[in-house]
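Note that subunit A is present in both complexes that follow, paired respectively with subunit B and with subunit C.
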Partner chain A sequence: MTTTANPTRGGLTARALPPENLVTAGEVAAREGTAGRPRAADSSAARRAAGSVPSAATGGEAAHPTAVDSGARHHRPAGRLVGASVRRREDPRLLTGRGRFVDDLHPAGVLHAAFVRSTVAHAEVASVDLADVLATPGVVAAFTADDLGLGDISARLARPVEEFVPTDMPILARDRVRFVGEPIAIVIADDAYAVEDGLEAAKVTYRTLPPVVSDTAALAPGAPLVHDNAPANTLVDVAMFATPGIDEVFAGAACVVRVRTKTGRQNALPLETRGAVAEWIDKDGQLVLHTCTQTPHQVRTVAARSLGLDEQAVRVVVPDMGGGFGIKCVVGREEIAVAAAALRLRRPVKWIEDRKDALTASFLAREQRYDARAAFDAEGRILALDADVVCDMGAYSCYPFTAGIEPLMASAEMPSVYRVPAYRVRGRAVTTNKAPTAPYRGVSRPQYVMVVERLFERAARELGLDPVEIRRRNVITEFPYTGVNNITYDPGSYRESLDLCERLVREEGWYEAKAAAAAEGRHLGIGYSCFSERTGYGSAAFAARKMEVVPGFDIAEIRMDTTGAVTVTSGTQNHGQSHETTLAQIVADRLGLDLAKVRLQQGDTDRITYGWGTFASRSVVVGGSAVGRAAAKLADKLLVLGAHLLGTEAGEVELAPGGGVRVRGDHARAVPYTAIAEIAYLKSNLLPEGCEPGLAATASFDVLDDGTFSNATHACVVELHAGTGRVEILRYICVEDCGVAVHPQVVEGQCRGGIAQGIAGALFEQVTYDDNGEPSATSFMDYKVPTALEIPDVAIHHLETPCLFTETGAKGAGEGGTIGAPAAVLNAVNDALAPTGTELDDTPVTPETVRNALANGPRAAAAPTGEEDR
Partner chain B sequence: MTAESTAQARTGYRERQLVVLDVNGTEHEVLVEPRRTLVDVLRHDLGLTGTHVGCEHGICGACTVLVDGRPARACLMFAAQAEGSAVRTVESLAGPDGELSDLQEAFTRHHALQCGFCTPGFLMLAEGHLAACPRTDKAEIREVVAANLCRCTGYQTIVEAIDDCARQRRNREED
Partner chain C sequence: MKPAPFTYHRARDTEGAVRLLAELGDDAKPIAGGQSLVAMMGFRLARPRHLVDIARLPDLDYLRRDADGALRIGALTTHHTVETAGDGALGAGYAVLRDAMRWVGHLPIRTRGTVGGSIAHADATAEWCLLAVLFDAELTAYGPHGERRIPAAEFFHGFYTNALEPDELLVDVRFPAPARHAALTEFAERHGDFAIVSAAVTLDFGPEEGAGPGTTPLRGGRVALGGVAPTPVRVPEAEEVLAAGGRADAALFAECAARAAAAVDPPGDANGSSQYRRSLVRTLVEQALEEAVNR
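Let's turn to the complex of A and B:
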């Protein structure tokens, strides 16, 4: 279904673009005289010359270019909505407290559910005694796995058992628990306080088993098994690519560098925890499950299977959502249990996860270990990349991605934006007695980009090259480019974003600031990261991972009513990304309508045939193209009917701005959409022969090749404080290219929010466990989510290399910020640490490690880490 | 092993008390357990669901309301503790016809909200701060904003929106 080229964009590749076409919005604005180039450069350089470096957190205004006037992006014809930062249509209700989130739903007679959860990491369940629970005032019912008899959640890869060991996740644990927090029983009471009382009265006895609490313990010979059918606790083990002769390349290379790193386990942490309200509706013969999921149809499919119902007997409805970031794009066992309880009791049941459960017992992500080597020639050209990736996926495979989600992403895409001639990777998912994992914004890319970018920085240091220059010599500049990983990269601005980002850092005077700081004995560092991000994975890409369920396409339907207004349904699922605005912009443009005449509906499996929701930066690529195509189909019918009313042929007419059909070259001869809608519905006797009543169209979109890659370069300037070990971010610059930005302000919002999450992973957040597998971060006291004092302002500059096959030229923009930030921050920290000779590769970088590194003193005092066995 | 309790919900012997609350200028009487928090009463007894809950332990600030004009965590107060105080929630900010206040306008103009879950808390935090410190500056606003968590925006646009609103209020005053 993929179009090979958008006619309006055909041939406009980055290669074909003369350099002057790759300009920032700020530059365009400057040319047009509407806004200045970043004003920061001069004034902040002057200030630094006077010895004071403005801080990002306080008084740093001068150091921060005012956000570019997004409306000034080029290529946007007057009147076109795509490319305009119109007011978000979601905002009025969210600003006035009239949004409707899952916990705002309060059906009459609603009961409240909570879960008896395992208090041990690994055990056989000897007995569950709920008698006292049932005797607790207010408690209505309590069910165990045996009571409900539900089918398990089973996620599969079509790979041989040497590569993938299938495991099933029961809705409620039966005879075995595999992590602290695993649900064992559901308790239902008449209010949310009574249900907590009930939980306290539960008596569970365990026959404990030795827990497996790290990837290394999981892989140790003779380790206890988390799943009896998974030898060596390995759920996924793939060896890929292995370019012939790669060992000889390493043996003969001028420079070989190595990075070994471990990244901390994180929680995606939407501010709204998970939750569901389920209710059986007799009139419709349906179980209605209101749940804050990114993927409503997927939840319906799994819920129906687990409950033993036809899918038409389950309706999943998604209210407003307080974020997701991936944790809500897999099916949660709790939402199914709540549905089962509502079915059983024939009363509405609500479950709202508390923060402790969200932190310890939901889905986590990101705990990975890399051992990576890269070979370079003497000029700094990369010759080979060899990596071993181990991902600690916790107790179960998530649906539908499986435990392969992280290792397969890392293995497939690790060569990143560079021309890597030889590549070998082994990717493993190990299972441990910790909460399971789900995709989290960026999925492995924050980690492998960090590893690759560290390899380049280290090679630059070894070879005496500038770290930007070594990247420049290696980034892909010819497109389409098919890499050693068999992926074809569509046009991007890898080199241009790198050049511009470095220029901005230089112009703002940060290199001088670094030198001045060093002279004063302070520790400033500058770090970059250069990366691309495959967005809008289609069926082909997921099938290539050998997923049995391939969440690729999307279907959109459009209806015009008698007032000429349109209702569009999309299978994507907004949870903060502004789809009600951006997808409506696309449709309004296609039909020449006012934005107010277009309404988007999502998140109701009864209204939409099927859809895959929102994750993997797919919505504008796949969903946006589907709504665009549906609108184009509707336009075809409007043209036929308009021509009929105008007494001419469809070939003679065109859509008129404002909503109508007119004769080409004779604009006075026109009919408004309302007149067309009138014959389509109210006077169908006037329809031309063979034309069906109604104005509706359905279209789908899928990406059947390797998809489209957004790209960016980030730069970060940090100062390390010797006394406290604090890493202070003084400056953050992002030069991004997501093709045509449908709504530039929203793109910038995605960048900034993503960068904040990337910084959080680099410097602050980590879920740790003690030796017994007990999670140590159970509240926001221990899980350190950064605030406005830790997250800097971000200067964003746009480049635009349009996607050749999406309806708008847009590429995805949801994850890039998170992907680029850890590498930029870590490289900046290491740049600041360079005089000490210590290199830090693990995240999060804690104040303690920074303090110790600074205390180590000059290079002579300590051997570089991570290279001792080179 | 277990099944539904055959008995109806045993609600009889939970002690309740009558609490009188002044919320957004209206007096409400609610009969609640002494342990019931202010945020639960606002959301579930009075139906004012604009105030959100993100942690129930006083860190995230999603539940921020004004108690006698000062920002307070409604998850950390029992409803009974708010008796005799004037409570203001996000529902009080817009005009009766739904017209957005200048602060709400600034938030939408600056794209200071994405999912919007944290937004009522930030609005009430800002409303309290701007009333107390109309001469505030951006650095001070950033410190105030650091009291609450937002997972979507990266905070920059929230700070900018509040600063913009503060400037406009000052300008209007000077006119």
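Let's turn to the complex of A and C:
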């Protein structure tokens, strides 16, 4: 494949369009028209950055400023679907209530399951008596771990025991429980009501052990052990980088700043809770497990292993999904227990997690503690970064990522978008008597970006620099850039996004609004965050983390039928990202087909060879490239057969728009795909010699280097209300660059949803535990997920630095919003608090802490911290 | 989150509902909008063996002005009915009831939840409980022995407990006198949440023609708080400031708010410490007074 990288104005890079033999006429014309022109300049945002569009904003209307219109972003060649916000193919069924989610499945005779769960945080299980459960009206069966004899879920890193301690997770607790909510027995009944009656009749006796309910308690000398094989409750302890001489750099630096922070434990909170319907199908000799997972093949692998079946005897099918955000990309124990019950009873069994269990006993996320320092020279250039990261992973490692997922992500990528010459990091995962954690949208990046961005703001304050200017002096501008963390960053618009974002804030008048507010005694603050997001991790990147199970590639298979329509499979797994639309756009473009002629198939391990599902913003990068390549392979065969029918050579023909093959330069000589399909299937006697019947192709894609980095700058303007401590977000601006946006509206949806979740972490959501390890939040009354009334509208502007190695130039866009928002919000809050001298670094920032900070007024004269040293 | 087994009964009329409640005894609960009870049953925190559905009782869904100026609200009137009531139904003297409805949960809750249900549920931060206390409302209970009237000040006994007998239904809420200068405000982290603290006030400028904030000294006023005690409370210490005959200005409001904050000893919990709640009292009372005077 030919690609041309054209370095252009502003450091952005344009990329040539796909190879000629796969390009429609419209594309060819457009390609000629765009040759050598930076794609980014097509967006109105970029035009604005280049200064050709006058400011639309006047400022002075603080609460309702005139937003700069993000405008018609992506110029694209006529007829090309990639880049167009076409109508989502999922919408008609989802918006009219015709989606089919796991809870919509009602096989005849289905039974309902629920779990007897531990009521204590840490104990030996002395006895489990289910006699009264079985006597409860409507209860059909109840099983303990001993009854089912299932294999544990076993997640491993290929690291020595000093760096990683495995903690296998039993499907049902055997002799020990390690968190409130841990499943001990599965109860199966005729309906969802009777099953809960059954749960109440269970008698479990415990010999309680002292619970470990915080990371600091876990690491305290002499702490009780959550897992007897994990000394100091430490599951992962990796010192990934330590630049020689870094201590001397700190000692000699003009400015050293420090940030200590703790981020709250959160719930990723998909609207659809977890669930499964399992059924043994005699005819196929298969256990069919319908479950809402992001990773169907991984569920199959674990289920088969745990049940002692070959993988071909387990079929995992994924219906429509109502979100996942990461907690559904790990394998849960409940779905395996449900499968085992269905196998045992030879009847379909359904389990739908209720919200209380989803809030307390599902996978949680995010709780981390950082102690980070950064050294700067007098001009504000960063010299060194040193961080100690402790992640409270809860009771068990998750499969397949292990408890290493968070500390290793933070360790590998913390230098962020900056040229950091010296770096030292220690990343630890500790185990506690709390519900286990799973990767949640962003995975450590919301936290370390917050820490790094706080370090820069603090250094700016100390050095008397503008907070945007200090970033400008440090962001990576030359690409590819290989960092101190041994990662090579592909081209991005770090500097451009920062400049544009700041400019938008200025044009809208927020700096004047802040000054005016201060004069009135009100507290406005402006905060930024600048970051990148590695997307499309390939097998090389995961192998670098030393996972024993190494995700990465994707395989796509494409078939054209006799009507000229195609079905394409992808090992990615849509759970709200519009894959049915976006992946089809890529295929339709490659084949010159109408979008309606392309159908995507996902989420069925019997129909997909193997897939890694959807997580880590990989789908459009890896899956999108795989479907593109499969379509290209199919196109090769279509060209061969088309040429045969046209009586010429394959080199003389090209694909024609609308679905056919034509002779180059003689477009009247053409055959439609249906004619080609006819000889491929219905008249194979007419096939050229040596050509096999059928129209199908398989292709795979893997990212063999360090992946591709999307990037963005966020700006947030807040007002703090002195009387209540309320943090009101007045404005939120996101300038993002995910390369070529296959479907800009979908990208914007990702940004908005991600930013909402980031704001939730910064200001609202937290799962807390009391001293006994009892979780506080059992309903939405206590777990304060913000609603549309708390989340502001977000202005989104696009830059486009195409990825150099994906089929479409797209980078991933799934997580950026979540990553950037906590830092932007926290920086804005602290900017508003600056006159008081108080800085808030822990999240969530609550109204009470803000109120207290404001009430305490200007910093007391004796305040001893380094920020005073100018 | 599925309720324990229960038997469902639907009452045809108030008499029948009360008779059913009397027959079924302590194991029975009346249900109207179900916006609190059903959630509690889902968690099995409430497990009535019998539910007596009163949602379809006739003649308990009304907003009515009596000849003496009082406003009567039928127990089955929804929050949404009050929220959307025209000026003719409420008048300026009760507009605060309508304006307070935006604080009650979210729209779907307001379309099902009822005024009587909210008061009978007796949540210490519920808007209707606070309004009942603020207005010295008179609550009519109907039981096997007929009707009895209970002043709001005697109705709320503690967290989720009140003066109703198990076989009594709350049927009518009477707000005896209008209060043109009245306001309710509250604070919660999310809109629609139960308030951390809520404050409601009235200001009284006397009955004369033309009396009002610009022309007349204040003759008195009321201050009621939610979220600072097991029941909504009036704050006499703060009301004394309003009754002292001063001008209704910022200084007076600040003094009133400070007195209210000093007078209460709110409990602390995960939503806010005692000290934070006290500071909210000060903020919200002042804010409510400003709103009330500008009506």
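Criterion: the second predicted complex is superposed on the first by the 786 of 870 C-alpha atoms of A that agree within 3 Å, B and C clash if a C-alpha of one lies under 4 Å from a C-alpha of the other, contacts with A are read in each partner's own complex, and residues count from 1 in each chain.
Definition applied: a residue touches a chain if its C-beta (ideal position, glycine included) is under 8 Å from a C-beta of that chain, and two chains touch if they have at least 3 such contacts.
Predicted model, so just to flag it, every value in this text is computed and none were measured.
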### Task
Figure out whether A:L271 sits in contact with subunit B (first) or subunit C (second), or with both, or with neither.
first
### Task
Have a look at where A:I755 lands relative to subunit B and subunit C in the superposition and call it first, second, both or neither.
first
### Query
Can A:F764 be said to touch subunit B (first), subunit C (second), both, or neither?
second
### Task
Have a look at where A:E719 lands relative to subunit B and subunit C in the superposition and call it first, second, both or neither.
neither
### Query
For A:R355, is the partner it touches subunit B (first), subunit C (second), both, or none of the two (neither)?
both
### Message
Under the stated touch criterion, name the partner, subunit B or subunit C, that contacts more residues in subunit A.
### Response
B
### Task
Examine A:D499 and indicate which partner it touches, taking first as subunit B and second as subunit C; both and neither are also allowed.
neither
### Message
For A:E848, using the defined touch cut-off, is the partner it touches subunit B, subunit C, both, or neither? Pick first, second, both or neither.
### Response
second
### Task
Check the residue A:A192 against both partner chains and state whether it touches subunit B (first), subunit C (second), both, or neither.
both
### Task
Examine A:T787 and indicate which partner it touches, taking first as subunit B and second as subunit C; both and neither are also allowed.
both
### Task
Could you list which residues of subunit A make contact with subunit B in one structure and with subunit C in the other?
192-193, 354-355, 779, 781, 787, 789
### Task
Quick one: which bits of subunit A touch subunit B in the complex? Just the residue numbers, please.
57-59, 61, 85, 87-88, 90-92, 94-101, 103-104, 106, 128, 130-131, 133-144, 146-147, 185, 189-190, 192-194, 269-273, 320-323, 325, 344-345, 352, 354-355, 575-578, 745-746, 748-749, 752-757, 779-781, 785, 787-789, 791, 793-794
### Message
Looking at the complex, which residues from subunit B come into contact with subunit A?
### Response
1-5, 8-14, 33, 35-36, 40, 43-44, 47-57, 59-60, 62, 89-91, 93-94, 98, 100, 104, 107-109, 111, 113-120, 123, 138-139, 142-143, 145-159
### Residue ranges of subunit A touching subunit C (in the complex, touch as defined)
192-193, 196-197, 200, 354-356, 723-726, 764, 768, 776, 778-779, 781-782, 784, 786-787, 789-790, 846-848, 851-852, 855
### Touching residues on subunit C, where the partner in the complex is subunit A
1-5, 39, 43-44, 187, 189-194, 270, 272-273, 276, 279-280, 282-284, 286-287
